[in-house]
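Two complexes come next, and they have one chain in common, subunit A, joined by subunit B in the first and subunit C in the second.
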Partner chain A sequence: MSMQRIDAYATPTKSNRSERQRAWTRIILALLLLAGIVVWALLINADNLKVNLEGRNTAPSLAHLFGTDWLGRDMFARTLKGLTLSLAVGMLAALSSTGIALFFSLLSSWNKWLDDMVTWVTDLFLSIPHIVTLILLSVAVGGGFKGVVVGLALTHWPRFTRLLRAEVLQVKEAEYVGVSRQLGRSRLWIARHHFLPHLFPHLLVGFLLLLPHAILHEAAITFLGFGFSTDTPAIGVILSESMSYLSTGLWWLAFFPGLALVIMVSIFELLGRSIRRLAETSSG
Partner chain B sequence: MKIRIVFIFLFLSSLVMACSDENGKEFSARDVDTKSSLVLAIGGEPEDGFDPTTGWGRYGSPLFQSTLLTYDQDFTIQNDLATTYKVSDDGRKWTVTIRKDVMFSDGEALTAEDVVFTYKTAKTSGSVIDLDNLEKVEKTGDDTIHFYLKKPESTFIYLLSTIGIVPKHAYDQDYNENPIGSGPFEFVQWDKGQQLIVKENEYYYGEKPSFKNLTFLFLSEDATFAAAKSGEVDIAAVPPTYAKEDVPGMRIETWKSVDNRGIMFPFVPAGEKTKEGVAVGNDVTADKAIRQAINVGIDRQALVDGILDGYGTPAYTAADRLPWWNPDTVIEDGDMERAKDMLEDAGWIDNGNGIREKNGIQAAFTLLYPAGDQLRQSLSIAFADMIRPLGIDVKAEGKSWRDIEKLMYSHPVMMGWGSHDPLELYNLFSSNTRGIGHYNSNYYSNQTVDAYMEKALRARNEKEANQYWQKAQWDGETGFSAQGDAPWAWLVNVDHVYYVREGLHIGEQKIQPHGHGWPLTDSIAQWEWDE
Partner chain C sequence: MLEVKGISFRYRKGQWLFKDLHLTVKPGEVVGLFGYSGAGKSTMAQIMAGYKEPLEGEIIVDGRTDYDSNAHPVQLVWQHPEKVINPKWRMKKLMTEATVSDPAFLTALGIKEEWLNRYPSELSGGELQRFAIARALASSTKYLIADEMTTMLDAITQAQIWHAVLKLAAQRNIGILAISHDAHLLRRISDRTIDFSGLTSCSGPFD
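Up next, the complex of A and B:
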C-alpha cells in the first residue's frame, strides 16, 4: 500500500511553496468534484429512477447520458445514487477501520506483551486473503448493509495499524515523552497530548486512502453476491445485473457505472495523496 | 518500435485467420454427421438424476422410460404402454392392461411386475411424487395391473401419464445415474454439470425418432447463447430478453406456456402464527378490495410487452388455456379509474400524501421476490411502479428462498406455477393445503371452492372433472380467480423461447409447463431435418 511510504527528507523551500500550491489546487478540485457528485445525486428527480417500459434499453443520448436499462430506468441517475451509497458505506467503514487502527496502535504502546499481541493479530489478518475475510465476515453478520459495513470495517485496519504502531513507537522514544513521563504524567495524558497530535495527519491521510479501498471492496463483494441485496441501488448490484445483458449488446449498462466508480476512487486517491504531500512539506 | 507494432499486428491477424480456418473446418465436419445426431442446450439438469420414482420426467417426457398413458397436443389421454384402462364405478379401482411386446433397452421384457414395482417404489420414495392416496397396487397375470385408491381421484390419470416405468431387475441405488427403461432413448453417459449423452433405444416399440444420438449440454444462459451463436448447438433455450438477437443459421421458435408468474397475496388478517412460529396474514392484502383493485388496475399486456419483449401472454389464472381453465376468468385490466373507484367504495381514502388509508392502516406492503431471478425482479419493480398511482405503496425486495419461506405467509410473494396436472389447482387453493410447503401460502379458504374441487377429484372422467375445476375458478358468484376472491394477481405466462437450427423441424408443441427444457423433448419422435 502506497501510504506506507514516507518521504525521508524535505524538499528545498522554493519548490516547496509551489508544490504546496499545487497540492491545494488538487485538493480543492477533488473536493468540488465529490461535492458535485453528492449534490447532484440528492437533486435527482425521482421520475428518472422510475420504470419506463416504453423507453427501455436505449443507448446513451443527451436525454439519458448513460442510456437506460431493461426497465427504462435512467442509468445516469442510478449510477449517481449508487455512487453516493458507496461513498456513505465507504466513509462509515473507513472511519471505523481508522478507529480500530488508532486503538490498536495506542494499545501497542502500553507494554511489550500487548505490543506482541497487536502485531500477532495484525499479521494474522494480513495472512488471510482480504476478500475471503471480507466475504466471511459479511455473511457471518447476515449480509446487507450491516454485513458490508462490519465486514469492511473489520478488514481494512491491519496495514494501517502497522503504520500507526511504528509512528507511536518512534514518538514513544522521543525525549519530550520521556520528560513528561518523569514529570509523572499518566499514560493517557501522554497519549492525548503527545501521540494524538503527532498521529493526526497520518490518521487523516490514512482515512482518505482507505476510502477508495473500502469502496472498491464494497462493490466487489456486492458484485459477487455477498453484499447488498439486489433491491439496493449499489454500484456492485448495477454491475452484476448488467452482466446478463452484456451478451445482448447493452454495453452501457456496465461501462459507465464502472467508469464512474473508477473516477470516484481516483478522486479519493488524489485527495489523499495531495493532503499527504501537504502534511509532509509543512512539517519539513 | 514501428516495426515491432507491425509484427505484432501481423502475428495477431494470422492468429485470427488460423482460428477462423479451424472453425470453418469443424463446422463442415460436423455438418456431415449432424443428420443423425443433435446437440441441445435446453438447460434443466435434474439434480436427482433420472429416476422417475423420485420425480424425473414429471415435466414432459422421461426420455429413457415410458409411461402407461400419455396425453396429446390437446391434452387428450392416449395409451402408451397401456392398451386399455378402466375405472370402477366407485372410482377407487383403476385397472390397466399393458402391451406384451415391450422390452427395456437391455432386452428384457417389461411386465406388470415392473409396473407394480415402479408404483410401490414411488409411493415409498418420499419424493415430490405424491402417491399418498394409492392404497395398494397389484397385478393379475403378466399384463394387468389394479390400482386401489383410498378415495376416488380423477387426477390419478395424470400420475399414470407422468411416472415412467422402471425395470425391477435392474433397479438399484445407482439407478438414477444409470437409468434403463423402455423409452425412445437409451442412456449412455452423464457428466454432472456438463452434459448428458443418449442414443437411440433399438428395442423401442413406438415411432422411431429420426436421430440416433442426442447430446444435452448443461450451460448457463450466457454460455447457451454463445454456443448458439458459434453454431455448436442445434437447439438452445434462452430467456426472452435474448430473442431479439439474430443468430445466423438459426431461427427462433416460441411456444406458449402456462409457465406463469403472479403475486400471491396473504388472504387472512395478521395475528396468527404457524406451529413453527412463522407469522401468518397481512392486514392490507386481507382486504378483498385491495386485491381486486390491483387485479383490475395492472396492465398485463404492458408487462408482457415491456418485460418479456412480447414473448408471453397475460395471465389470469394458474392454468390458462388448459382444458380445465375457465375462460370467464379473463378480466378487463389496465383500468385505473375502475380500480380507484373500487378502493374508494371500500373506504380506502387518500391520506394526503398519495397513499390510501383505511381505519388507520396504510395501503402499503413489501413484495418479495427470490433474489437473483432477474425476471421476477423486473416484474416486481415494474409492478410496484405501476400500482403506485392507485395509492398503494409497494416496496419490492429481493430475498433468498430460505428467508422468503419465513415471510411468505405474511407478505405478498412473486411466485410461479403452471402444471399439466389440475391437481395443482387443488394444492394452491384448497383449505386442506394451507401452509403446506409453498402451496396455498395465502391461507386461502372458500367452502364453495372446496366443494367444487372435491367434486372435481371425485369425478369419474376428465370431462366431468374439468367442469368442476372451471366452476371452482368462477361459478358466476364466487371462485378463486380474480373475478371472485382474487387471492392472486396473476401477471404473465412466459413463452419458452428456443433457437433452432434452420431445417430442423421439432413439430407442434403442447402448451409448455413451468420448467424450461425437457417438455420440448416429448415430441422428439416427430423431429426431423428438411430433406
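Up next, the complex of A and C:
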C-alpha cells in the first residue's frame, strides 16, 4: 500500500509527459481553429450577405467557396455567421446548464432529503426524450433566441448533475472533509474550499463536452422549425431551407453548412477530451 | 477534564466492539493506551473526537457536551496524514483551515517555511504528519488524541515529533491520549499507561 502510494506521487513519467505535450498541442490547435472561425465571421459585413439575384444558384467556385443560394447570397458567409450564432447560443446554454448542475450537485451534498429530491428531478428529466423536452420548453418560452437558449439550458444539466453529484458525495466522505468539520468549518466553507477545487476540472471538461451537444440540438430544433425564425442565418435554418432545393441539384446548400457544423462540433470534442486528458495526468 | 462515560459501540448489528467504556484524561496529562489491532481503539478515538456518535454513554469535555458548530476541543491526529489533507491544497492553505498562526509553533514541529508552498504529493509522510499535528493543535484544542500518530514513521522522526508535541502540550496544558500497539513507545512518553482490554467488559472480536 505505502509503496504504491510513493509510486503514485512520483514525478510524471516520460510517456506521461509526451502525452501531456500532445494534449496541449491539440488544445492550442483547437483554440486557434475556433478563434479563426469567430474572427473570420466578424470580418464579414452585410455586403457579403446581401441578395444578388444575378448570381443565383452558382456552384462552389473561388469567388463563392460554398456556392450561392436561390437569392444569390454567398453561402460561405452565411455558414460562418450561422456557426458563430450557434457558438454563442451553445456557450450561453452550456454555461447555464453547468451552473444548474453545479448547484444541484452541491444541494445534494446538504442532506439525505435534498439528495433524494435532486436524484428524483434528474431521473424525471432523463426519463423524457431529450428532444421532446427541448421543443416543449422552447415553444413554451416563446421560441426565437430566448426559447432556444432557455430550452437548451434547462435540458442539458441532468446527466452532468449525476456525474457531479457522484463526485461531491465521494469527496464528502473523504477524511479530510471530516477533519474540516471537526475544526468547526461551516458547510459553505467546505463546499467552497473542498468541493469546488475538486469539481473544477470536471466543470471545465463537462462544459466543453456539453457545447457540441447544445450546438447540435440547437440546429436540430431550428431545423424542425421550433427554434430561430427563418430570417436568422442559423445553421438549422440554412439546412432546413436547403431541403427544398436538394431535389433540384443544389447539393452545396446542405453539404457545406452541414460539414462545417460537424467540424466545429468535432473541434469542441477534441478540446474537451484533451483537457480531460490533461486533468487526468496532472500530478497536483 | 476529558471524561468518557460508559460508551458502547458496534457497527450495524455486529458484535459489540466495546461496552460501557470509562476513561478520563486530565489537562496536561499524557495517557498511553495500549491495545491489540482490531480491538476498537481507533473507533473509540473517533467517538471521543466527535467523528462518530456512541450508541450508549457520553463524552464530557470540561463539563460540557455541546460543542457542535464550533471547533471541537478534542482533536484527533490520524494514522495516515495523506488521507486527512486535501490533495488539491497547498500546505499554507491547510494552516488557514484551523486557527494556528504562531510561526514559532510551526518551527517547533520541524516544519520548514519552503514546505508551505508545496502540494501534499511533494512532501513525505513524516512531513505531512507534522502539518496534521500543527493543524490539530489549533488554538481551541484542549485535548489531543494521537491514534498511532507515528507508527508509520522511522524511529528518529518518531522521537523528534513526540518530543515537539509533548513540549507544546506541556506549554498549553493540553491533555494527550496516545494510542498505540507499541508498548515501549507508550512507556517512554506517558504519565500512565492503560490496557484497552481492561477498560471494557467486552473488547473486540478476539474475545
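Assorted remarks:
The rule we apply is simple: the second predicted complex is superposed on the first by the 269 of 284 C-alpha atoms of A that agree within 3 Å, B and C clash if a C-alpha of one lies under 4 Å from a C-alpha of the other, contacts with A are read in each partner's own complex, and residues count from 1 in each chain.
Just so it is clear, a residue touches a chain if its C-beta (ideal position, glycine included) is under 8 Å from a C-beta of that chain, and two chains touch if they have at least 3 such contacts.
This structure is a prediction, so every number in the text was calculated from the model and none was measured.
Within the superposed three-chain model, A:Lys50 lies in touch with subunit B and out of touch with subunit C [touch as defined at top].
By the touch criterion stated above, A:Glu167 is placed in contact with neither subunit B nor subunit C.
Residue contacts after overlaying the shared chain place A:Glu241 against subunit B, while subunit C stays out of touching range. When the two structures are aligned on the shared chain, A:Glu175 is found in touch with subunit C, with no touch to subunit B.
After overlaying the two complexes on the shared chain, residue contacts for A:Trp70 are found with subunit B alone; subunit C is out of touch. Once chain A of one complex is fitted onto chain A of the other, the partner contacts of A:Gly184 are limited to subunit C, with no touch recorded for subunit B. The residues of subunit C lying in touch with subunit A in their complex are 49-51, 69-72, 75-76, 78, 82-89, 93, 97-98, 119, 121-122, 125, 135, 138, 140, 152. By the touch rule above, subunit A contacts subunit B in their complex via residues 50-51, 53-54, 56, 70-72, 225, 229-231, 241, 243-245, 247-249.
On subunit A, the positions that touch subunit C within their shared complex are 2, 5, 9, 174-176, 178-180, 182-186, 193-194, 197-198, 283-284.
If you check the complex, the residues on subunit B that touch subunit A are 221-222, 225-226, 241-242, 244-245, 302-303, 305-307, 371-372, 374, 377-378, 381-382, 385-386, 396-399.
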